[in-house]
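Labels run A, B, C and D following the written order; every chain starts at residue 1.
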Amino acid sequence: MLRRVSEDGSDAVVVSHRVRVGYGDTDQGGVVHHAVYLRWLEEARVEYLRARGVDYRAVELDERLGLPVVEARLRYRKPARFDDVLDVETRVGRLSRATVRFDYVVRRGDERLVDAQVTLACVQLDAQRLCSVPAAIRVACS
Amino acid sequence: MLRRVSEDGSDAVVVSHRVRVGYGDTDQGGVVHHAVYLRWLEEARVEYLRARGVDYRAVELDERLGLPVVEARLRYRKPARFDDVLDVETRVGRLSRATVRFDYVVRRGDERLVDAQVTLACVQLDAQRLCSVPAAIRVACS
Amino acid sequence: MLRRVSEDGSDAVVVSHRVRVGYGDTDQGGVVHHAVYLRWLEEARVEYLRARGVDYRAVELDERLGLPVVEARLRYRKPARFDDVLDVETRVGRLSRATVRFDYVVRRGDERLVDAQVTLACVQLDAQRLCSVPAAIRVACS
Amino acid sequence: MLRRVSEDGSDAVVVSHRVRVGYGDTDQGGVVHHAVYLRWLEEARVEYLRARGVDYRAVELDERLGLPVVEARLRYRKPARFDDVLDVETRVGRLSRATVRFDYVVRRGDERLVDAQVTLACVQLDAQRLCSVPAAIRVACS
């Protein structure tokens, strides 16, 4: 984990999650398949929350709240390859009443490979209804 | 769907399920990644049951029974490639009180690419306990 | 395949690709995992090209050109569930010298589940260099 | 990494690889989808080789040799769940002229979740022909 001032001078907390590219993450183009990044962003999001004190598993189990993805944007700048070690940097880009947008940069050392934004909505799992982001997550995302 | 006497002279029902290899199903070796077949076998299993009158979605939802995989064996003979059209032939290889074993051959035209056996156990989803395969599935698998 | 005037009154060709949700496409939230759609959009793109006379496999093998994804945007409106039959409607949204943007709607009957845009860049596979979209693909995408 | 005498008293080297279950690794049954383990076994295999001095990426790139999977057997004993931390223990079970069989146990703490065996064949990537396992890998697997 890493807390630091982000590039744009804002003081958002950035949490870094390291992954290594598996053979099955590649496609016949010889690079990581573009869908795989959504899985890594998801892992990075769970680690971001954990680093900030929120256990997402418990949120679902105990509070019966979920954070499904409602929007995703990815910009693929450079390809990653098998066995590369990548760092997924995560920060909260925007927090509204019922949604949180996570902003990501996937890096390989100094190279910026992928930029992404993923917006989640807070829902009551049993009623399948939108609800306000609860205080604990709100604090973790501030 | 296809019903016919199988190769070994037994009169097992064989149901055939056609898939086309996607780009993302390949890896940098230029062939289908070996884990992808388990997904196709699963699809073929659901289609086998449907062809024989069992709606697996309803089994889970209405009867609260599930058929998790307890064992899988795959023999990869020849690789499949992007955009290939494959036929997954499914039959029931063995039916016991609480388990069903599905036997598969994945073909590309005349070529036999993969042989597999997948054993499922019948469980009560709420109690997470083994139970007898219910009559409807038993009939479908005979 | 389906050719028709699209919703907005433009005369873009729309090609429809049908998929059925597999068990492994779901996650513990009980709905299709958000990353799975990128795989279906990719399949739909290959079928779009095929319906319009372009064999993407041959483009890579014979012309040594590829169309990697450089940008993806997905808006998840409603969840899909196991065993649902979905139609992925594909049209070309924008064609520039070196890129093509495909626009998608994923439907379940009358319901609109996901909207997406995926932009591909044309690259020479051996040189790994951007190049102009070749005439055959350009025609197919017009 | 961990070197130790294995359970059965043999002196095989065991290398342990830790993974954490992602949300997308689960299915609507609320547990890890059975196909996901093949991906983790593959990662564990690459780490086994690295721990023993073999860089599998370099084997493919420099020596133009590959190790495709020719057989896989998995026995699923207990399910893993989202956010679980798992240890994949890998050892070489059998080494023949042209094949290597890796034997795995996937554990969650003291619980044994999955046993598996995956057999790889050594092939010349350009000729797509079986060949002898090269000395460096042979030593690493002894």
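A few comments on the model shown:
The rule is short, and it goes like this: contacts are C-beta pairs under 8 Å (C-beta built on N, C-alpha and C of every residue); 3 or more make two chains touch, one makes a residue touch a chain.
Nothing here was measured: the structure is a model prediction, and the numbers come from that model.
The greatest centre-to-centre gap from chain D, using C-alpha centroids, is found for C. Counting C-beta pairs in contact across A-C and across C-D gives the higher total for A-C.
With centres taken as mean Cα positions, chain C sits 24 Å from chain A.
Between chain C and chain D the centroid-to-centroid distance comes to 34 Å (mean Cα coordinates, whole Å). Chain D has residues 23-24, 29, 31, 35, 38-39, 42, 82 in contact with two or more other chains.
By the touch criterion given at the top, residues 23-24, 26-31, 33, 35, 82 of chain C touch chain D in their complex. Residues 20, 22-24, 38-39, 42-43, 46, 55-57, 82-83 of chain D are the ones that touch chain A when the two sit in their complex.
Chain C contributes residues 29, 31, 34-36, 38-39, 42, 66, 68-76, 79, 125 to its touches with chain A in the complex.
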